[in-house]
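Consider the two complexes below, in which subunit A is the common component and subunit B and subunit C are the respective partners.
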Partner chain A sequence: MLLLVVAGLLPIAVMVARSVTAAGHLSFEAYRGLLTSPRQWLLVWNSLTLATLTTLGAVALGLPAGILVGRTDLPGRRALTALLAMPLLLPPYLTAVGWMAAGSENGPVANLLGQGAAQALFRFLFGLPGCVLVLTTAFTPLVMLLVAAALRGVPPRLEEAGLLVAPWPTVLRRVSLPLVAPGILLGAALVFLLALGEVSVPPSLRYRVFAVESLSQFSAFYDLTAATAAAMPLAALTAVVLGLEALAVRRSGTAHGVGVLAGGSVLTIPLGKLRHPATVAVWTVAVLLVGGPLMILVGQAGGLGTYVEALHSAGDSLWRGVALAVVGGALLAGLGFVLAMLVRERPGGAGTAVDATALFLFAVPGTVMGVGLIVLWNRPWANFVYATPLILLLGYLARYTAVTLRLSRAALELVPEGQIEAARVAGIGWGRRLVWVAAPAAWRGIAAAGLAGAVFCLRDVGMTLLVHPPGWDTLPVRIMTLAANGAPSLIAALCMILVAVTVVPVAVLSMILGRRAVVR
Partner chain B sequence: MRRFTVLLTLALLPFAACGRGPAAPMAKKQNVVVYVSEDQVFSQPVLERFERETGIRVRAVYDTEEAKSTGVMNRLLAEKDNPQADLYWANEPIRAEILKQRGVAEAYLSPAAEGIPPLFRDPEGYWTGFSARLRVFVVNTSVESPPHSVLDLADPAWRAEVVLANPLFGTTTSHVAALYVALGDDAGRLFLDRLEANEIRLTTSNGESADQVAAGQAALSLVDSDDAVNRMRRGDPVRMIIPDQSVDGLGCFVVPNAVVLIHGGPHPKAARRLADFLLSPDTEQQLAEADCAQIPLHPGVPVPEDVPHLESLDLMDVSFAAVAQKMVEIQPELKEWVGY
Partner chain C sequence: MKLLELNSVHLAYGERVAIDGVSLTVNEGERAVILGPSGCGKTTVLRLLAGLAVPDRGRVLISGRLAAADGRLLIEPEQRGLGMVFQDLALWPHLSVTGNLDLGLRARGVPRAERKPRVKSMLELVELTELAAARPGELSGGQQQRVALARALVLEPRALLMDEPLSNLDLELNRRLQEEILALQARLGFTLVYVTHDRDEASGLATRIVLMRHGRVVRDGSPQDVQATAQ
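Entry: the complex of A and B
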């Protein structure tokens, strides 16, 4: 918990303190400038519009997708889940790059449908609609996975009882979905916050949002205090949204419903006559939204020579990113598991505080975290952190512990209660119980959490961009720095290399978990 | 838990060692840390050649388009009391001037700068210019009679036809400040008001401006010459016009790169070698031949046909120090003009 506080909360606390002081005195001047500018309110409106539309889109697509892949007899559910989940594993701007390539002068749309159609696609992409399209594609998997996992947790006896008096659609609507509503709400809240804090897609698609403002304040006006103040509303909004979500869950009287139910039996919903139309519809949407941009990138990258050139020009960034991701994933797995054990054994105050803190830090925009880390660690005595990759590892721990904590909690729920309790009664201390009893029993979950943590480290852009030490850029950062006047084929090849490097650990993850792995 | 702590320490040690902060002792192989605002696609090959020729390892931090080419400069300012960088490769000298004014820069009169016109050098050596871009019109080829002066952009004939990068960022800020210096404050302000009345549209960057012109969404824009040349070389329907070349014109605003040594940087000797290297005619030739098509400031450097010679141009006669000072002065009214 101390590590989480030092890595995540302390930088934000230092930022808050800095933003309300001037020359050693209390001052709200930075906030006054922020609040009195009409442009800021316009940016807030733009951000809220983008986040709301993205959330609606992600829930509209993710909810049925979650039901289809989680509970029905739809053919090819695992492949479909893998395809639909892919955007969540990649930096969202990769999808943006793919769509922009589709609408380019020599892109597939121009070749197939003519320049007029390509220009129409371009006009659609640049602005709010394009941002909503890209971010909905990127974050729909979050809702889908949460819904699928939660639906697998609905006690079959309740549904069986319902089926005695009503058909599946009614049971789903009246029994299953209300039970998983907290999971859907959590997914919606996370999508809203992730869209609100996104800083790579909106500038690429020329849509002005508030999250970029803190980056711009830092970048263009040389005013760290103003930049800090500009970052604070997002941090506050994150806390408010997560607080409201927690309140709603508490009032509903149900848990998040995103726990693991691996091994438990679930009822399969037969699609009947809808099976084939549903298969065609859902695969069409998946291929268009996810496969399409990636295939366009493959086409734009061209032959093997481009990939060789890409590896030659950015191979060092790739390996650095992988090394950081491996170490970051291992640390995240360890920290997440320790905290999960804490939450399990102290489900009240301390456990809730840990869980809420981790979730808050996950939802805080990367740029906010980046500025906070600079403010806190940029001191001569802290060079061993600030001037080394340790600064990135600290940031990763702060941002992504929520992922490994949740996965580890899920894994721990599979461990029979009596096994850990017996060890406790036998006088085995907390640390030994953790290492020698819980960890061996939950190793699959810990491995899965580590891989998921590594993937999140590998795809991080917002924070890494701001704090990476000289010579320690990662591949997503290199793609962004090369995007300025870089050859589109090279950028596309680098994007596909990043996709490949990310998909490999996910494939490993799938192999480890097999059919028994379910996330909650 | 003790084992966990030992494992954690062992895992982190290599990372703590490999980055090595400024206070740490020098390794056998020399290092130099450079922050770069010039596009990575153009600057990285130059730095790689430096590594090959000197054996000094370059550790770089590059800017992104989204950071408006000022992200690394802000890191320099934030790190003033704890400098991590040895040298800053700025893509324009105005912000180099600000670093000088804020005590981040260190004076260095490089012998390699001999021959570079005094207009492009700080007399005390706090920054030195090399390889310049021009501020030019990028014009869609469908436009038959393009304007010849920057001041023509306020002409009603171009109402709602012009796009311009946000003047709070990048070289557009420098250009507006230079116009204030050249025309005087009142005339500069009036020009901005007339641009607003002429329904000029703002974009997020010069690159976006050039793309809009190439796509026919605007007739023309005022951008950096590398943005224009880049689109021309990739076959977009645009051409480049160098403005204000008449005898009594304002002259074209030239934006050189600039080398700035960082005060208190951890590797001062290597930094001087890199500064000498960047300011050499060889580097200027390399950047002229690259797709950024930058104009050498040393006389007599061979250049491709589509790269103009500095001697053939009428230049705007403004001091970069004055422009830097003006840029800071007019920032509040620019913010208001943009609507921040």
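Entry: the complex of A and C
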């Protein structure tokens, strides 16, 4: 918990203090400049519009997708889940690069439908609609996975009681979905906040948003006070949105997701006559939104020579990113598991505080965390952190512990309470219970959490862009900086290398972990 | 008149045979209690009657109509006109007591003007009027039990299926609720199929006892006959 506070809360607390002081005195000068500028209000409006539309889009797609892959007899559910979840593993701007390649002068749209269609696609892409399309694709998996997991946790008996009086659509609408409403609400809140803090897609598609403000105040003008003041509204909004979400959950009287991922039997919803039309519709949307941009990137990258050139020009960033992701993933797995055990054994006060803190730090925009880390660690005595990859690792721990914490909690839910209680009765202390009893029983979940943590480290852009020490940029950051002037084929090849580096280990390890689970 | 029928029904979950050639008929107005130890298949019989499980082989008939046969579900659970009280009650935690009673009526298209008095009179019948707005989590075990009973009965089912609903209650409450069930059955005249592993409970409620072992019916008769042969 202390690590989470030092890595995440302390930077934000120092940032708050910094934003309201000038020359050692209380001052709101930075905020005055921020609040009196019509330009800033326009940026805020743009950000809220983008976040709202993205949330609506992600819920509109993610909710039915979650029901279909989580509970129905739709054919190919596993493959569909993997395809639809892929954007969550990748930096969101990759999809934007794919769509831009589709609409380019020599892109597939121009070749197939003519220059007029390509120009129309370009006009659509650059601005709010394009940003909504790309971010909806990027964040729909979050809602889909939360809904699917929550629906798998609904006690079958409650649905059977409903089935005695009503058909499946009514049971789903009146029983199942209200029970998982907190999970849907959490997904919507996270999508809203992640879209609000997104700094890679809007600049690529030339849509001006508030989150980019603190980034440019720091990287373009090196004005830390202005950057801090610009980051504060986003931090405050994160706290407000998550607070409202928690309040709504408390008032609804049901917990997040009704035993999310708790396992056990679930009822399958038969699609009946809708099975084939639904299959065609869902696969069409998935291939168009997710597979399409990636296939276009493959086409634009061209032959093997471009990949060799790409590796030659940005291979160092790739290996650095992978190394940081591996170390970050391992640390996140460890921290997430320890905290999950704490939450399990102390579900009240301390456990709730840990969970809420981790969720806040996950939802807070990457630039806010980046500015906070700079404000805290940019001091001569702290160069061993600020000027080394340690700053990145601290940032990753702060931002992504929520991911490994949630996954570890789900893994621990599958460990029978009696196993841990027996160790307790036998006088085995907390630390040894953790290492001797809980970890061996939940190792598969810990490994999966570490993998997810590593993926999130590897795809991070907003925070890494701000805090990476000289010579420690990662591949997503390198692609972003090259995107403005680099050759399109080279950018496309780098994007595909990033996809391969992310997706292949995830697929291989998922298969290994899944297979061993079956064997045991 | 025959209301519920199982004809040579067989059902297995993978390798495990749950029901092995069970034939059973329940007549209108009867209080049939299925008695047997844990894992003997008595809950599966209820699930087959309710339409929540489908027989691998054999037939299920409701009021003479074929409801399921040889792996096919022919009448959906909600169209069978049966009520069920589950062992864990399965009250919907996000709905109030009124909401729990109202949902089934609403799903069947009963107009609002008719729903309200039906829910009200059912709550009066089970003496829960004052707790109409409460959520299930705010009620005692006995009160939850009565909500589950009211939820099933408000739909005026042709038969009420009860799956060990009193097994988690203390002895005194168990006896009191048995009396309430008998009083309600006498007043409303519904057919009762009641599953339990408790002989005393079976004797107290049944006009007929069906004794099950290892997925088969081993005795079927009046409480006196079954108890006598069992001893």
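Criterion: the second predicted complex is superposed on the first by the 501 of 520 C-alpha atoms of A that agree within 3 Å, B and C clash if a C-alpha of one lies under 4 Å from a C-alpha of the other, contacts with A are read in each partner's own complex, and residues count from 1 in each chain.
Here is the rule we go by: a residue touches a chain if its C-beta (ideal position, glycine included) is under 8 Å from a C-beta of that chain, and two chains touch if they have at least 3 such contacts.
Since we're looking at a predicted model, the values are computed, not measured.
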item: Subunit B versus subunit C, judged by how many residues of subunit A each one touches; value: B
item: Partner chain in contact with A:Leu482 - subunit B first, subunit C second, else both or neither; value: first
item: Which of subunit B and subunit C A:Val165 touches, first, second, both or neither; value: second
item: Touched partner set for A:Gly292, first subunit B, second subunit C, both or neither; value: neither
item: Which superposed partner A:Gly127 touches (first subunit B, second subunit C, both, neither); value: neither
item: Which of subunit B and subunit C A:Gly315 touches, first, second, both or neither; value: neither
item: Subunit B versus subunit C as contact partner of A:Arg174, first or second or both or neither; value: second
item: Common interface residues of subunit A - those touching subunit B in one complex and subunit C in the other; value: none
item: Subunit B-touching residues of subunit A, taken from the complex the two chains share; value: 37-39, 105, 119, 122, 199-200, 203-204, 206, 208, 212, 215-216, 218-222, 224, 313, 327, 330-331, 334, 374, 378-380, 383-390, 393, 431, 434-435, 465-466, 468-473, 477-478, 480-487
item: In the complex with subunit C, residue positions of subunit A that touch it; value: 155, 157-158, 160-167, 170, 174-175, 178-179, 181, 252-254
item: Residues of subunit C that touch subunit A when the two form their complex; value: 50-52, 76-78, 80, 82-84, 86, 88, 90-95, 103-104, 106-108, 135, 137, 151, 155
item: Subunit B residues within the subunit A interface of the complex; value: 1, 3-4, 8, 11-12, 15-24, 33-35, 39-42, 44, 58-68, 70-71, 73-75, 77-79, 81-82, 84-85, 98, 168-169, 203-204, 207-208, 215, 226, 230, 236, 291-292, 331, 338-340
